[in-house]
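What follows is a set of structures to go through.
Below are two complexes that have subunit A in common, paired first with subunit B and then with subunit C.
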Partner chain A sequence: MAAMLNNSLFARLSRIPPAYFVFVALLLVLWIARPHMLNTNIMGIFIRQVVPLGILVLGQLLVMRVNSIDLSGGSVIILVNYLISSSFFHDASLVTYFVLAVASGVGIGLINGYMVGIRRVSAVIATLAMNIIVIGAVEFLASGKPPGAVPKFLNEIYNSKLWTIPTPIVFWIVLSLMMWVLLKRFVFGRNVMSVGENPTAARFSGVPVERTVILAHALAGLMAGIAAFVQTSSLVMGSVRIGLDLPILAVAATILGGVVFGKGEGGVWGPFFGVLSFALLFVVMTTFNIDEPGKLVAQGAIILLAAIFYGLKTAGSK
Partner chain B sequence: MKPAEASERLKTSFGSLLSGRNSRQGRWFLALIILFLIAGLLSVYTEQFLSTGNLLNLIAQAMPLIITAIGMMVVVLVGGLDLSVGSVISFTTAILALGAPAYISIPGVFVLAALIGLTNGLVVTRLNVHPIIATLAMQFIILGFARILRPVSGGDIPDIVIASVNGAFLGVPLPVFWGIFTFVIAWKLIHGSRFGLHLFAIGGGRASGAEDAAHNFGVADKRNVLLAYVTCSCFAALAGVFLAGRIVSGDPNVGLNFELDAITAVAIGGTQLSGGVGSLHGTIIGALVMALLANGMNLANISPFVQTAIKGGILLLVVGLQSRKKMGL
Partner chain C sequence: MTSISKAFGSSQALWDVSIELFGGSVHALMGENGAGKSTLMKILAGVHQPDSGEIHKDGARVSFANPKDALDAGISTVFQELSLLPNLTISENMFLGREPVTRLGTVDYAKMNAETRRALQELGLTLDPSSLVSELSIAERQFVEIAHGIKADASVFILDEPTAALNAADVEVLNRHIRRLRDAGKAIVYISHRMDEIFEICDTVTVLKDGQVIGTEDIADLSPDRLIAMMVGRELEDLFPNRSENLGERLLEVTDFQIAAGSRPFSLAVHRGEIVALAGLEGQGQQKFLRALIGLFHPVAGHVAIRGRQLPLPANEANGIRRLRSYGAAFVPEDRKEEGLFLGLSISHNIAMALHSKVSELQPARSFSGKVHDTMASMNVKAASPNAPVTSLSGGNQQKVLLGRYLAANMDLLLIEEPTRGVDIGAKSEIYKLLRDFADEGGAVLVLSRETIELIGLSDRIYVIHGNTVVSNMQAKDATEHKILDAALGA
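Right, the complex of A and B next:
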């Protein structure tokens, strides 16, 4: 094992996020097994399905870079879904709905940030607890039933196209570009990097560590809110069961995309391709008739393998 | 000794017992007081609470959580966390419901659980993966297998498992013996063996930021951490066997959110999640507090959705009150 790790070719290859390899491999599998699936229309539909996941990942990569994690995305999706489709805000405008989604996301994100940054609670426990609190509350309000219909105009926007590309995909790419600029060009991006690399060193260099962590969690909440908005638009009827597996998929896609806990490494585009890999994975699984339990196993295995890959890499560089 | 000095000494020793600040065993005394408070409230508000029938029923209800929480505590002592226990419980009930003879399926579930724990431990210690990520991934893999084996609840549980949970011996219901058996084994393991001592040593070093402290004093840290994960999974399988006997079927969703309940119980019992501080009696008290709360909320007719939310709130509260140096995961 050690010889393999010291090999320069392996070292060079291991610097490329596994998402790219997985993406190419799955593309090859599809190309060999089902070549007729590979056209822009079908791919557009499948990629459009993972847009909520893709937006959630934009937040997840941010918190994972500051050595934290956010598993409360599912609750934001259910909360926003409930708020939009129930009779609470009947016939409101597009802007109201969007503000509602963003506000609930940022609210939950800020609480997460406070628990992780100030109270120093383990991020997994804090966000998982937050998750079951909000889900419990929403299910109580909805008494376990689907709350109601999603406004039609949201559906129309979701199904529309901009220059032959589905609008949600364009929206996702624009958001990814914005996140990329935020991380590359802004002081906040530098802070995220230094806190992720070494919190103690960051503190002594005058980086506001707590503020960065809280802000990262608030932004992750914001992204979860936007993801929830897109997810809700894709539905005709509201549901209190949808999107519960998205946070864990987001973690998987982010790890696959080369973001490592406690390391400033990893950009926006690795996770982006991580999400695309998941889109292809769903296509492959559907065409090979693998159902839900098999998908769970595959998701877990992907997280584990990607984490092992990085574990070995960091062990080799010590 | 002057009376004033004696009372002062009594006060400080009581204070330190209450806060658990100077103890390896943590804040368990406070949990005990909370347990008695809740029990007192319940017995005032409802007449049947203190009846022998209800108390025995309560023990049977709390047993799976007690067993799981003890296993979880072993991992928490070394500063780890095992999020896969809920799935292991579901998986165990699914395997028992396959209809295989008891002399194959019962040892089988423990062998499988040990293998799951071994995988968790190996991935964490040898492959350098963060325990939360490793066990989170494992949670999904095992849940997937449980759902492949048994998509919906049903199946035949071996008669001996059902009898061992629902029967009585000399007039005493068998869950009481399950409790005694678990307690004796766990006490030996955690507070009465070299393995247990080493768990405290490893976790204590890690909690204070000295990752290799125990290793440098000659403790085989990787091997002991590995064994801690195996222990945790085996306890989860034991809880799964008990639950299978209680619900008399295999259910892929029976262990849902069990890991969070177990972590809450462990944290209520005064075990520090950063490792090195904790006690068996504290964890049992914590699990009993959880069981009493569930019992009380059921008596008060609170919706199960709200109950979940309240449990989440308690978890957030108890963990938020613990002090920790590290930030993040």
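Right, the complex of A and C next:
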């Protein structure tokens, strides 16, 4: 009886995405070791850094829930960064830049969706190839030189605050809420859930499976475009070597947030806290004077922990 | 082999059950799902241990701590879920954990293959012992498991629903092997829901209900009606609802439909208020025809009209289901676990999904909780709540959820494959009644099933299909299994 109670407690705990545990653990570490770090100003700066990642994750969780994956986010960031900072669209308005970013993202997302949903190409290979092609194209256009300056007004928006919270963070929360509503309250969310759980049964239920996959990829592209817009706004000068590690971090944060690859599970807030965990990790690492290599090791360790956690869970549910 | 007797603990899965198995005889074990058949057999196979009771074999008392003990004592089991490893060869599977070694300590493949070949030959099989199990058909895998028992020199063979995944031709081969084992003096336990098989192959039948033995009889003294009466406590006529009285307009009209190149084109029609069955031997084109309507099979030629509107053929796999739905028709797939249900999701998601998917994905999802509740109530789905995951339900209730999804979608025409596959007899009866109610309210049903008795009892009219074409169209009230088989084979 006691064993059974433990089992059901374990089962209930294992349904909570690991991101929450990691987040709480890191918060405790900070609270004990560096309590003075826990104020809105400092936290705001660190969390603002992960906003592009957080927005990218909103798309990643969507495609992973329909059993796909998108590894082309890095190329969208580089493309948008190049387009905004190069001389092509000099002195354009905020709206033009935003539309440019979104159109690039959606365009790449639609190609990904067509490849994965209609041509049935492996999602990993299709999006990775897309990534390489776009990065190559941008490097060709830039011919190796850094493009130019990022318009100043983008910088100003990035550095502004709404009340005490940095604008990018508010923007991220609003986008997350929108994604949450889309998945929770719209037919599209039900379609995503169905396709993730069993694509054949989804088809027999009348769900447009291909269209759902394409739409998921298009939305992931849209999110990548927006993430790229925010990322670019944070910079003074354009760069062709930025955001290359973002796609893999996005996959990691999504897994940490309880979206199980190939099972159609998970929500928006688990990955949200997955991203926050990475932000806290940077704070902890910085306060303990650990450099870039150490951060990489810690990131990897957290991803591995999440994977082990899910190994336990799937073994337990059999 | 003498008497086995046991009672089973607190859950009372089995209550003082005794059965006797004799060499040279096929003993059927029947009963609804949950009657205790599988538990009883798992005790005999050493998977479970009895709380009380004794097993005697050849006069001596035996007890099995695990399946290996049972196999060593000569009891071989082929379970519903196959237990072979697909990535190993046949002989590696046969010797798994007991591989013979050469003097150098390496695995003695020559010896393994030779012994495996001999066991396979006893079954009259010419499979290569070094071929991978994943390359074998389901039937061949089952034969390999039986060969496994032969190699272990088993005297008792337990076959738990061996034909659930087999087609008619393979069932025939399996039956031949079972008879061969019987003639070799082995005792065979045969568990199946399929009445025709029981009567064809078995000598004795024991009926279990609620963990107790209802009776053991010679098959020669029984009729199918009597057997069903023993299983459910009521007669066969009560199992099926009354037939239809009034027919409406033509709902589905198929003309000059040619399934394969060279097959004869055929035409058929289904009216409102009617349940029409597609009968015949397995794999004769029934399923191809039905799946052609949703684009999973491309026929050679033909016209299909629903309510007078032409359905363009060949349909497209990606949107075949959705197009069919726009004509007011639904397709209920055969395999509820693989094709039908979202096992990990809630009952309400499973039922409401066909309603959600009717509208654009950019619309807000309605709750449909009233509709789900009504469906569950009218279909008598036994579950804790609409939020319970479907995987927690019994097979019969899962099947009802699947059917409920399409009934709730308010369709005129239902195309159903195997409406009661792997469902116990109580739930079968309920499903028959639901389909009849649907037809009585002006719907039309086109159904195919491997169980001929089911088709005769359930439908109004039967098209017998053979060689990818319709060979006979008979009224169900005049039909018998014999007539249907005659029509199929006489064509």
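Please note the rule applied: the second predicted complex is superposed on the first by the 312 of 318 C-alpha atoms of A that agree within 3 Å, B and C clash if a C-alpha of one lies under 4 Å from a C-alpha of the other, contacts with A are read in each partner's own complex, and residues count from 1 in each chain.
Just so we're on the same page, contacts are C-beta pairs under 8 Å (C-beta built on N, C-alpha and C of every residue); 3 or more make two chains touch, one makes a residue touch a chain.
Please read all numbers here as calculations on a predicted model, not as lab measurements.
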Sticking to the clash and touch definitions up top, decide whether subunit B and subunit C on subunit A clash or fit.
clash
Give one of first, second, both or neither to describe whether A:Asp91 is in contact with subunit B, with subunit C, with both, or with none.
neither
Looking at A:Val209 after the superposition, I want to know if it touches subunit B, subunit C, both of them or none. Which is it: first, second, both, neither?
both
Subunit B versus subunit C as contact partner of A:Asn67, first or second or both or neither
first
So in the superposed three-chain picture, is A:Val297 touching just subunit B, just subunit C, both, or none of them (first/second/both/neither)?
first
So, A:Ile125: does it touch subunit B (first), subunit C (second), both, or neither?
first
One more residue to check, A:Glu139. First (subunit B), second (subunit C), both or neither?
first
So, A:Gly189: does it touch subunit B (first), subunit C (second), both, or neither?
second
Dominant contact partner of subunit A by residue count, subunit C or subunit B
B
Overlap of the subunit B and subunit C interfaces on subunit A comprises residues 209
Which part of subunit B faces subunit A closely enough to touch in the complex?
81, 83, 123, 127-130, 132-134, 136-148, 151, 257, 260, 263, 273, 303, 305-313, 315-316, 319-320, 322-329
Which of the residues in subunit C come into contact with subunit A in the complex?
318-319, 321-322, 325, 331, 333, 338-345, 349, 352-354, 356-365, 405
Sort out for me which residues of subunit A touch subunit C in the complex.
185-191, 193-194, 197-198, 200-212, 215, 263-265
Provide the residue numbers of subunit A that touch subunit B in the complex, in ascending order.
66-69, 115-117, 119-126, 128-137, 139-140, 143-144, 199, 209, 213, 248, 251, 255, 261-262, 292-301, 303-304, 307-308, 310-312, 314-315
